[in-house]
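You will see chain A twice below: alongside chain B first, and alongside chain C after that.
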Partner chain A sequence: MKPLASILGAVIAAPLGWIAGLAEAPLRLWQRLTGKGGMIAFFLLPNMAIFGVFVLFPLIINIVYSTTSGSALFLSDRDFVGLGQYERLLRCDDYTNTLTCQEDQFWTAVKNTAVFVVVQVGLLISIATATALILNREIMGRSFWRAMFFFPVLLSPVVVGLIWRWILDRNGALNAALVGVGLDPVNWLLERGWAFAATIGITIWAHLGFYALILLAGLQAIPRDLYEAAEMDGTPPGRVFWRITLPLLMPNLLVVIVLSLIRAVQVFDEAYVLTGGGPGTATLYLTQYIYEVGFASLLKNPGLASAASILMGGVLIVLTLVQLGLSNRNEKKGKQK
Partner chain B sequence: MKKTVTAFTLGLSLLASTAMAGDVRMMWYSDGVEGEVMKDLLARFHAQNPDINVILDEVAYKVVQEQLQIQLEAGSGPDIARVTNIKTLAPHWLNLTPYLSDPDYWRTNFGAYADWMREDGSDAITGFMTQLTLTGGFANKTLFEQAGVAMPGAGATWDDWVNASAEVAKSQGTAAAFAIDRSGHRISGPNASYGANYIAADGMPAPMDAGSKAFAEKLVGWVADGKMLKDTWVAASGSTYRAAADDFINAAIPFYYSGSWQIANLSSKIGTGFDWVAIGSPCGTVACSGLAGGAALVAVKYTKNPEDVAKVMEFLGSEEIVKEFSERTLFLPAHAGVVTKGGLKWDTKDPNVGAALDKFVSAATEVAPAAAALPSWKWASAYYGALVNRISQVMAGELTLDDAYTKIDSDIAEQVAAAK
Partner chain C sequence: MTRAWAFLSRRRAGSNWDWTDIVTFVWLGAGLFIVFGPALWLVLSSLKSPAQLSEFPPTLMPYEARSVIVAGYENPLPLYKVTDDAGTRTLAEVRRVGTVAQMVDPADPGTIQKINIANRTPERDIGFSWSNYTDPFLKFDFLNYTKNSVFVTTMATLITLLTNSMAAFALSKYEFRGRGFVIVLIVATLMIPLSVILVPLYSIISGVGLINSLWGVILPTVATPTGVFLLRQYMLTIPYELLEAARMDHASEWQIYWRIVLPLTAPALAVLAIFSVVWRWNDFLWPLIVLSRQEVYTLQVGLNAYAGELNVQWHYLLAMTVMTMVPVVLVFIFLQRFITAGIAGSGLK
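Here is the complex of A and B:
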């Protein structure tokens, strides 16, 4: 078997060696001309090219679109309006009353998204932490429960939305169960409060396993001897949690908080399939607003959709910077200790 | 910037030109069985024209509504498409006239609807209507009979129908009395029945008038008192389209307002479950109008094979094929020759279908002038979208009717300004 592997290796390596041999002379010349910095740039080039084509270029195009108006797709056919689209999005007579805003549904979406982010992330973090703490204990069927909590993460968001729609629909499984036990059915997706709560609950259900897993990894990295020492000192469990578990879990918790914040700002697929933004605009979130304006409307407005997406991107950049800042601070603290 | 645009255009053009010579791509959506019928017809075309390969891309209606325009704006897309947003996208359609062997055949037989699918002032031949549609209602005859409620007769108003259906709903314990598809197009016939006219003297959108307001007020009232099924309109935002056909098919509502294109769908899904009838459009204060429309098969001007596209269109637009397509799909034909000669043999054993088609044919004579003008009006889509978006917000308790009227006018004005 070994000779065969060696032969295969040689067959594969031969052309690679030949290509490397061809590249050697020009690379040496490049290094002589540009030094170490030039070589770094050379090796980074493929990655930067991909980043440039698939991330930077679309971003720049998006910014340019946001300064134009019209329904045409080609920039050459669009009128330059400067910051007109941003002005349209942000213009309000009274910011406490979205109806007075020129793009009232943008502000409704902003308001809905803000409430969603605060409530969903708060609940998600709390439940994920509690779940991780439980799954970190020696409970019966621990592996089974870990798999069960992680399972929804594997589902497509559209599948998640559809499953829950079948459950919560007027004629869905939940109402069938309620009627079965003699209770009145509830129009879960037609009542504003219930529909909003449903989008929160379902996104938590769908993402809980992922965040619980990150926190579980953090919990398992905490040295056991700290708990043993606390136990020998007779420290109450609450104090152990606040003084040992939480501080040592903080790096993982920060990652979870920022990731879930970013994900919550981007909420779309599950909520869109589940409620379509209704009832009325009760679950209209920012990404759906952008989708509606840019793609779904019969008369599409890519300029306005681009401007809204740039504003949303700004929020996400701030959140990312916060994450980087907090991570750096944590790292420095860790090094000081 | 010019260089960037040129490079971008070049890239997209390269992508668009990947179709082989002799290939004709057709984007097609189906409401009922027409996809199967079209496959069969294209197989026959291919047997007669082996050098032309027609690729049928069957997609969801939503894909046509949301993605086709983007493809067209990019100068790509299919060679032929089946669309309902016909007028708005007219700048992208190919003028088939130079490629047709007999353009006069097209002018004679499809000329009545040619303006629906070409830019204002143009005399281009861009395609033909695969079906004529008319909005109208359907009633569950069995539920009415079981409830002992007489179905309102000719000349009955919207209130008559809703109240009679409410009695049936109460007696039979259905979810609601009736439903209307969540669509601005669907309520525009009834709006015209109450005197609405969307088109101002200069051809631009007119502000919401008393007719539109009258029917909007009724819709909101019917949702508030539980007569109109709340799910269809309230459980979505924006201008999202939602049909209530499944609720009618499942006997959750005794009365459903949609259109003639539902006939094949109802027939195939209801089967012998219950008897149903088409009732035309209930009356308002000035008319008993539905709204005509339909789906057109149009050639796309970015095609690389216009001659082949024209051959496919000539085959599908021939009198014999139009007749067969209509008979098998249970669609109303838009071909003057087929309509004049009559004698269509509907391909169904369902006794409800023939009567329903006859009802829609007779209801077509009652379309109000204000409704008849809409299919060829450029800004109809802007009006439809704003109506749905804002009226459903009123139904959900987010806006008052007066706020909604103001917002509808400003939404339309902004859409018109943005589209210019």
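Here is the complex of A and C:
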């Protein structure tokens, strides 16, 4: 594996090296003129410039955007409305009924996303943990099974959405199987509940392998002798799981939960290709709302989309901080050992 | 078969089957079916003709009607197996009127027999509709989408490797004022997803005139903080003495970077390259926003556009989906180890 990696790296590095060779003479001159500091700036500049222009700067002006209205694209042509967009998003006469909200689509999307996040992450993590536990057993061909669960992770969301749209079609394979065992066919993607469940199901299908892999790495880091000691004491397997496996897996489990929460809040691609947010607004999620309001609908409202994305970003920042805190704690613990 | 079973059921010597073994078998078996089943079904379906795709219940394998050239008829005639009072025989259909088909025995083309269509089933062989695969290239812009996707993937990956490795080099091998700040900045934005900055990013891309340009898709993706991080962690393990020795020999800083550090970082570069290829090949939301003209569509956007048409031509759509899947499947088969090692090691995604 190592030599293959080196060969691959070398193949990729070769064309880069050629360009680098051409740059040698001018850069030697640059170094003579500006010294080491100039070279550091040179190394950092391309990445930082792209990063600044396409990530950092948009992030900052997004806040300004959210305080403007109109359909114009450039900030200079837009009218300042203060917190007007937020007010529009958040105002509801009765918060238990999304129809009474000024932006009822936004609240529908928020509600859908919230339910999606809770159910999807709960199921995903449970199934991923079970899968990791099973992959951690002494089974034949473990690397094959591990790879197998990872396969859907590499597929593009569009491909995942289309594969399942084909299977869940009214005349699709799943209905054929149902009819085959004597049940009635179901219109999976046109019934609200089933369509919602389908978006949860296919996102679990697509991401399970990734989380199972991280959890498996966590399981494998648990020292063997703990289990051997438990076996010698005749500890029942259930107790071993609750007293050894789960507590020692907890740091990884927490990281994985937060990571999957962050991803679930942003759910879009697979669900969009599968259902397009429908039927009605049954599978309309936040990112799709932002996309529709900002770009796709006839009445574009970039300010509103921007305000919604900042609200979503707020949730994500909290989750990210939790995530960073957790991994820091894990790292410190790792060092103490 | 028995040997396969013996292999599958081989277990630790001496211990008996218990419920955990059964759970393991069921879980892995179900996993095998659920993971590969849909993809396999996609491939099989993509080789079926439109008529076959509209059949319900569908057959597992793609079939095509068997036909025969009968003397006296210009076109090949489809064959049917007929079962009625006169026994079972194979006849070719000349034409069909309502529920009655006029059929001939290929051996006796002179006599036309009238058969009720309830009494016959089409004769067919396993056959693949390869035209599902060739037509999208000829009839649609599929070739163009492929070219666009390949361009985006290659350019984005090359630029990612170059800029990320340069930044990682500066951040791992030099002490300078503000280094901590730059690193914190990168960490802080590590998890800023695209969906949070869609609107302002679009206005910036539009401001620099890159709407409907593939560069508008490439540029925002190349400064991946994850890439910088991965490479920096790796470069930190390269000893300083190596760099100092090169400086003694009057190597310039640039030479140190690309003649010494870069080759030593090859394994990490390979991991980042594989990830970058998969990421960029699969990107959907951002290209969907930036690219609105058909000639600049990438494969993912093109597929989505076909899937959104009022009258979906599933036989083409399925074949195009398979073709879009191919590069990723190749990565899976040949390079999956690097990815799993990369994820287990760094939580990269």
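Brief remarks follow.
Operating definition for what follows: the second predicted complex is superposed on the first by the 267 of 337 C-alpha atoms of A that agree within 3 Å, B and C clash if a C-alpha of one lies under 4 Å from a C-alpha of the other, contacts with A are read in each partner's own complex, and residues count from 1 in each chain.
Here is the rule we use: a residue touches a chain if its C-beta (ideal position, glycine included) is under 8 Å from a C-beta of that chain, and two chains touch if they have at least 3 such contacts.
Just so it is clear, the model here is predicted, and its values are computed rather than measured.
In the superposed model, A:S297 makes contact with chain B only, not with chain C.
By the document's definition of touching, neither partner reaches A:N328: not chain B, not chain C.
Looking at the shared chain after the overlay, A:G276 reaches both chain B and chain C. In the superposed pair of complexes, A:T34 makes contact with neither chain B nor chain C. Of the two partner chains placed around the shared chain by superposition, neither chain B nor chain C is touched by A:S126.
By the touch criterion defined above, A:F74 lies against chain B and chain C together after alignment on the C-alpha atoms of chain A. For chain A, the partner touching the most residues, choosing from chain B and chain C, is C. Using the contact criterion defined above for the overlaid structures, shared-chain residue A:D104 touches chain B, although it does not reach chain C. By the document's definition of touching, of the two partners only chain C reaches A:L216; chain B does not. Common to the chain B and chain C interfaces on chain A are residues 73-75, 171, 276, 295.
Across the interface of their complex, chain A is touched by residues 7-8, 10, 12, 20, 23-24, 27-28, 31-32, 34-36, 38-39, 41-42, 45, 54, 56-58, 158, 161-164, 166-167, 169-171, 174, 176, 182, 185-187, 189-193, 195-204, 206-207, 219-220, 222-223, 225, 228, 252-255, 257-258, 262-263, 265-271, 273, 278, 281-282, 284-285, 288-289, 300, 303-304, 307-308, 314, 317-318, 321, 324-325, 328-329, 331-332, 336-341, 343-345, 347, 349 of chain C. Within the complex, the chain A residues that touch chain C are 1-2, 5-6, 8-10, 12-13, 15-17, 19-21, 23-24, 27-28, 31, 36-37, 39-40, 42-44, 46-48, 50-51, 53-59, 61-62, 65, 73-75, 130-131, 134, 137-140, 145-152, 154-159, 161-167, 171-173, 175-176, 179-180, 205, 210, 213-214, 216-217, 237, 255, 259, 262, 266, 268-269, 273, 276, 287, 290-291, 294-295, 302, 305-306, 309-310, 312-313, 316, 320, 323-324, 327. Contact residues on chain A toward chain B in their complex (touch as defined above): 64, 69-76, 88, 99, 102, 104-105, 170-171, 187, 189-190, 192, 195, 275-284, 288, 292, 295-301, 303-304.
Residues 1-2, 4-5, 8-9, 65-67, 69-70, 73-74, 85, 88, 175, 230-231, 234-240, 242, 252, 381-382, 384-385, 389, 392-393, 395-399, 403, 407, 410, 414-415, 417-420 of chain B are the ones that touch chain A when the two sit in their complex.
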